[in-house]
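Each of the next two complexes has subunit A plus one more chain, namely subunit B in the first and subunit C in the second.
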Partner chain A sequence: MNNTKNTEAERLSFWEKIYIPEIAKGLGLTLKEMFKPKFTRQYPEERWEPEGSYRGRPVLVHEDSGERCVACGLCSRVCPALAIEVQAGETDKDKERFPAKFEINMLRCIYCGFCEEVCPEEAIVMSKDYELVFQSQQEAIMDKERLLVPVAQLQDRLEFLRQYR
Partner chain B sequence: MPQIFIDGKKIETKAGKTIIEAAYENGMQVPHFCWHPELSVAGNCRMCLVEVGSPKRSADGSVELDENNNPVISYIPKLQIACGTPVSDGMYVNVNNAKVIEAQEAVMEFLLINHPLDCPICDEAGECKLQDYAFNHSNGESRFVETKNHKDKRQKWGPNVMYDAERCISCSRCIRYAQEVAKQDVLSFVQRGDHVTIKVADGEEFDNPYSMNVIEICPVGALTSPDFRFKSRVWDMSFNDSISFADSTGSNTKLGVRNNEILRVQPRTNMYVNKYWLSDDARLNHYDFVNQNRITEPMIRIDGKLEKVEWQDAIQETAIQINKFKPSEIFFLSSAKATNEDNYAFQKFARQVVKSNNIDFFSHIDKSFEDNFLGVADRSPNSNGATEILGGSQSSNYKVNELAGAISSGKIKCLIVMEEDFKHHEHIIEHLDKLELLVVMYYNHNAVTNKAHIVLAASTYAEIEGTYTNKDKRVQHFTPAIVTKENMRFMGLKMSRLDKFGSFNDRWTQHEARNCKQSWKIIQAVANAMNASWSYKRSEDIFEEISSKLMGFKNMNYDKLDLHQGLILYRADRPDPILNNYDSHVMKPE
Partner chain C sequence: MPEIIWTIIEASIKALAVVGGIQLMAALNVYLERKISAFAQNRIGPNRVGPFGTLQPFADVFKLFLKEDIVPKNADKFFHSLAPVLSLSIAIAVWAVIPFSSYVDIGDRRIYMGIAPDINVGLLFILAMTSVGVYGITLAGWSSNNKYSLLGGLRSSAQMISYELSMGLSLIGIVLITGSLSLNDIVNHQLAWDGWRWNIFLQPVGFVIFLITAFAETNRAPFDLPEAEPELVGGFNTEYSGMKFGMFFLAEYANMTTSSVLIVLFYLGGWALPVPAETLGLKDGSIALAAAHFLVFFIKVLMLLFFFIWVRWSIPRFRYDQLMNLGWKILLPISLLNVLLTALGVLYLK
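And now, the complex of A and B:
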């Protein structure tokens, strides 16, 4: 049977045992870092702008002609957390349907991006919005008005999606 | 009896049947669009192509055998349509070999050339034959790169049918249905080739009372119903079996429910009753009363106004008030709209607890609905059941047509109404003012409940389990589709996906679970408050008692009713044979 050194006293050398050189080493590292450039962000004064690949809160794409969504309900079906509710209505436009009601319960949403992936119209995308604070449960349920975002603001994400199509 | 072999499986069938019929009757599948068992054979979709052959014979007439002693089959070089080829003895059919699969893939590719990519906005998606077959019988690719042709997407064929010409695959099921079943021959193909479309004859409308059946038999989403268009995706709904409330035909239906609201009523196949069909009236006019204007709590009239109260108070009050009258002063108005179980409990309450034999029910006759298809004049679902259970022999002291007189003359002072709205008998309503006590168990607020002293919130047919007896005396079992406070646990997994998993902070499940009760439960509570000791737990308990006490229902139970799709009164020991029902829309597991 091998005899291994197992107690602390057996493992440490003399210099380690007296502790002082170790303290000096630690202080040395601190001193070195003090003069390096800083990475800390002064949030919220200084905000972080995520890349197009970031999955923030899902939003609906709003074009000049109105929302892209045709209320097919596929996002609602695929959502593993059952966060999305869609109620279709009929329009006179060519595409026949529009979401009479579209709500996402942000307390349920897990930011998986499945809704974006399944959407046949590229109508729902993950935005860069990560500041989500609510004062009540009802406030966390976003209706169409709060979900619709002009397409111009979503260019990064749409670009990213096309790239990986 | 000819014997044929489908994919090597031996099948006994009748002469004159087609291959597809023989296959379906034996629980086998052949992909198809245009064939429908109740319609003539059109043979135009070519989806059902199969390989057909027969054993090769030598010059002396004997069957040639190969080295393993199996007969050598010589196949017809071209594939044949299973829907149009009659069986013959010793026929060999392949429905699943490489040649057949290649043909199916080719047919699918052709059908999809001009088919729009509409599935996300198509009401049929999720129960579409073309979708299912594109998944199961197509190679999933198209070589067609040109632009698809476009047709008119929103045509109104009649008040209840919308047509989307782009989605139509020209199977002609709807045309044949209109000709052969609905007998309103107004639909026809016009144009040719990829321009083909269907038109309603000039100056005509497809508006017959059975028009909506084309919506189900259409294998794709070309036909939609204006009342259901875009209301819900099918996978968000629950579908529970029910029996039509419209009339005494007893048509088998299924109720599509989401957020505790009935969104559509569809036929369910029962070859002994409605076959594959359902009248437009039964689809459209018998769910609003379930969804709207409901009495949600029991109510008692206090100082001239109906006030909501707790169930136990309402029950106590009812018992106390009934006890103030002599049995002969009370009339029990039973109902042809209530189930056999409820009628049984009601008459037992009248005869054994109150000890009055004043019990009868209204019939609801409207001759304008009578036709030689499914339509009947009797507008209540359970007239035969009510007659059987209330018992012609123990006839009531007063008949229902003497009711108005008996109330005016003061002989009847108390009226207890179960599930009756006095439709077709409105002239009696004014006499109700003379009553000293009017107790009403009903679903909706109406002229009668407005006069009532005690209103007991009753559950509708969509919320209860029970049995109806139709015009042919067929007793049929049905189960609830809608949740009430009382049946919540029973409903459990029968709810739609969304309703099942919703929690209090989801707006999509903010449906109301109404505080109403099935009539027999109300009656049992009142009876027990009047010192009876009833202990029925489920509708089935009452049905067991009915079947042990009444000759007509002998040998019946819920399981048997389900198995045989209903049993005829006095004939439970001689049930109709169990059939392998064809369903146009559901892919049965293969």
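And now, the complex of A and C:
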């Protein structure tokens, strides 16, 4: 802005210096805002349903035949916060490997989604679960039982991954 | 029973009612402040405790009671505890002379609505008490042994000295017109012209000055420099916690109520009904008339309280030099001129 006036006092007009009209203008603005619709969401009653692109708690996909995970350990390897611990086990089935132990420490997880990106089997995905409250550190370590989620609940995310990855 | 005992009983009952009333008004102010600020910012505000969140202030006070009371190690313990007590008790003491309705005749006794009825130095007492109120804040700032508190306390006293002058001078206009220092006389004087001879019409300049200085005296809105949270942490109450902080909080809102009440009494016609009492069929001295007067008075006070809060959430804080400029270079000359013109008007027109 090309301004030749040097001080604030020079830039102001007479009515602006009187100050009272400006106060009235400001008061008018806040009064107008009071009657506008509110943005508040009544949270516990009114929950927010995230889109497929939302990265919430990482979970393991559970199909009718069992978990998809083959315990390759890539997620554990890529995790920048070292939150994932995998130990492989072997079976006689077609799919020979399965995770004997799969733990995610939710106090460490930073929700970056690298584990999901690196997974060759689409076995670990980010869910829409954002209400993560723990009462102890023990409780925050998710074992396999709590990580397995039926594939039907994860359709949004899987579709999103197929579309954009 | 002798007359003096009846008078003492009457005054005690009225005092209890008024002190209780002030606490309730403070609670109402807290609620209004939170709701109005929320609405001005497109939020909803408290809505969980009680219907529409109306019990929120009581929950707040209850929380303050349960909080730990911390006194800084190097603070002056006695004065640190005395300051909030002083603040709150003076805020309540002003109400000794404030009437809030006309009178009721019971038998042959005429009961005025106010603790000390029709006292003839009411206005002086109010000016004295509102200035003493600053002692609480300054003492709090000094005794905390904290530089931010001290700065807040000093600002408060500087502000009080600068604005007290203009406030007193703007009230001189009213005293000149009314010819009395009694608050009842001031209100009764405004009841003429079918209850429309309000001092705001006779003293518009004085009204604006009194309004501005009232904001400064209550340490609110554009003049809240003593607490100025962005620059002074918390100002004079930085080192206060628990119910001691609660008492400052309560005193601030009681002062806000007092200021609104004073503006209504001095300038907005007090309890003047918009139509003459005879047309409503209310008898002089009846309970119904006193109730109607109180209702009108209360509505005016509520509207002013809304204004106080509205201004707080609209206007940014003054800079310190701007505050002093406004007080000494603008308000003081204008109020002196106002006194001169009023005196000439009273001399030649009356």
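Basically, the second predicted complex is superposed on the first by the 142 of 165 C-alpha atoms of A that agree within 3 Å, B and C clash if a C-alpha of one lies under 4 Å from a C-alpha of the other, contacts with A are read in each partner's own complex, and residues count from 1 in each chain.
Please note the rule applied: a contact is a pair of C-beta atoms (placed from the backbone, for glycine too) under 8 Å apart; a residue touches a chain by one contact, two chains touch by 3 or more.
Nothing here was measured: the structure is a model prediction, and the numbers come from that model.
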(request) Quick one: on subunit A, after the overlay, do subunit B and subunit C clash, or do they fit? Just give me the call. (result) fit
(request) Count the residues of subunit A touched by subunit B and by subunit C, then name the partner with the higher count. (result) B
(request) Using the superposition on chain A described above, determine whether A:L107 touches subunit B (first), subunit C (second), both, or neither. (result) first
(message) Per the contact definition in the header, classify A:Q153: touching subunit B only (first), subunit C only (second), both, or neither.
(response) neither
(message) For A:R77 in the superposed arrangement: first (subunit B), second (subunit C), both or neither?
(response) first
(request) With the two complexes superposed on chain A, say which partner A:E85 touches: subunit B (first), subunit C (second), both, or neither. (result) first
(request) With the two complexes superposed on chain A, say which partner A:E33 touches: subunit B (first), subunit C (second), both, or neither. (result) second
(message) Just to confirm the geometry: in the superposition, how small does the C-alpha gap between subunit B and subunit C get, in angstrom?
(response) 33
(request) Give every residue of subunit A touching subunit C within the complex, in rising order. (result) 23, 26-27, 29-31, 33-34, 36-40
(message) Please output the residues of subunit C touching subunit A within their complex, sorted ascending.
(response) 36, 39-44, 310-311, 313-315
(request) Would you mind writing out the residues of subunit A in touch with subunit B in their complex? (result) 70-74, 76-77, 82, 85, 88-90, 95-97, 103, 105, 107-108, 120-121, 137-138, 141
(message) Residue numbers of subunit B touching subunit A in their complex, please.
(response) 117, 120-121, 153-154, 229-231, 233, 235-236, 498, 501-502, 505-508
